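Have a look at this one before I ask anything.
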């Protein structure tokens, strides 16, 4: 069920490198913040390891607000990962 | 002859108080600068005395360039007197 | 009060100016900025730029940026329009308008809005070059510095 | 390179923007400012404003102001249009456009152009009030201070 999952979105080069624009994920054990989610994703698969290895270039939003590693996560949240913005 | 005269223009409240937008004047003896012209005009007529008594509020251009009291004058010049500009 | 739009198509500068000022006699000045696609980037010829965004977040992010401008200056209205999708060289990308009783507020708010938009709104540009290569534009330190100018209070 | 106009009628913002940018792919940003007539001045209701100028001097003065902006910033074009005659509340008075490869130059030049225009171009405003009184607007110390900001070099 979506409400018990994280909805994760990827934009720009993250989306292209993963070959994935979004995914739903049952909240893994031990994941309670953006930082712990990133650590979990890096262990999950080399492709995630690759994009988050360039961690300083990845920004995050939780429920459409800019977030940091300490921002808490709960089931039902929408988490987005993207490069620093370049609009305008 | 115009070429031997000063052509003097007045704008905004100077024009209205003098009741005069422009005039031609044979270059008077002793007038060789904006400052000496103003002194001559003030002696000429009370109306000029009144507008130039508020001298700090009067600006000048000679041949369409902003000028000061020391700017030299010669026959044929166009001299304009006006308040500080308020366009834009 | 702000008008915020994200759209594929071109914006109509005159219509936006008219919408911002229609029927108002309290505006003394309107500042504006239009960003356009440059053909040469990093010495190479661009064929197009593609703009991606985060739809669920974009309008709210732009509205927050506009609200912050309205908090800092006495604005009588502002407009933020950002295009997405494929844009060719010369095409307008972004429009900022800010109206105020006095020009200093209108012009400062215009600069603030584009500076914050460039660093706080979820848009990403991909450049496609004539040689077939394509890459995602990297954020510029100059843009961060420009946005950081506004970290103090209004003025 | 600058387009400088003094006219009675309204200007066409979209047409001026198009004329400035037509066929160009080197422009990254265009800054703009439009000044408009406010209805309330000094707490009183204006019926109209009349703008007088010094015809033989105006175009040259505007061209000099534009040339100074072009000397200070890498501009790819600029436009200065000032209206004269009788203008009612809400009417646009003045248009400034400045195009550059980068937005900092475009926005700085826009602010510079309107600041210098307000203190160095031979225009005078007369306000006519609803109570029948009329007076010439006095120059504002704030405008002198704004223009004095630019007494240094570009930046």
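As written, the chains take the letters A, B, C and D, and residue 1 is the first residue of each chain.
In this section, a residue touches a chain if its C-beta (ideal position, glycine included) is under 8 Å from a C-beta of that chain, and two chains touch if they have at least 3 such contacts.
For clarity, every value in this text was computed on a predicted model and none was experimentally measured.
Novice: Which chain maximises the distance between its CA centroid and that of chain D?
Specialist: A
Novice: Starting from the mean Cα coordinates of chain B and chain D, work out the distance between those two points in Å.
Specialist: Distance between chain centres, rounded to whole Å: 27 Å.
Novice: Using mean C-alpha positions as chain centres, tell me how far chain B is from chain C in Å, no decimals.
Specialist: Centre-to-centre distance between chain B and chain C: 49 Å.
Novice: Can you check how far apart chain C and chain D are, centre to centre, with Cα atoms defining each centre and the answer in Å?
Specialist: Using C-alpha averages as centres, the distance is 22 Å.
Novice: Two or more other chains in contact with one residue: find those residues in chain B.
Specialist: Nothing qualifies.
Novice: Going through chain D residue by residue, note those that touch at least 2 other chains and give them in order.
Specialist: Answer for chain D, listing residues that touch two or more other chains: 35, 114.
Novice: Give every touching pair of chains, nothing left out.
Specialist: All touching pairs, sorted by chain label, are A-C, B-D, C-D.
Novice: Hey, which residues of chain D end up touching chain C in the complex?
Specialist: Residues in contact with chain C: 12-14, 17, 21, 23-40, 89-90, 101, 103-104, 106-107, 110-111, 114, 142, 146.
Novice: Any idea which chain B residues touch chain D in the complex?
Specialist: 9, 11-13, 61, 64-66, 78, 80, 82-88
Novice: Under the definition above, what is the set of chain D residues touching chain B in their complex?
Specialist: Residues 35, 51-54, 56-57, 60-61, 82, 93-94, 114, 117-126, 136-140, 143.
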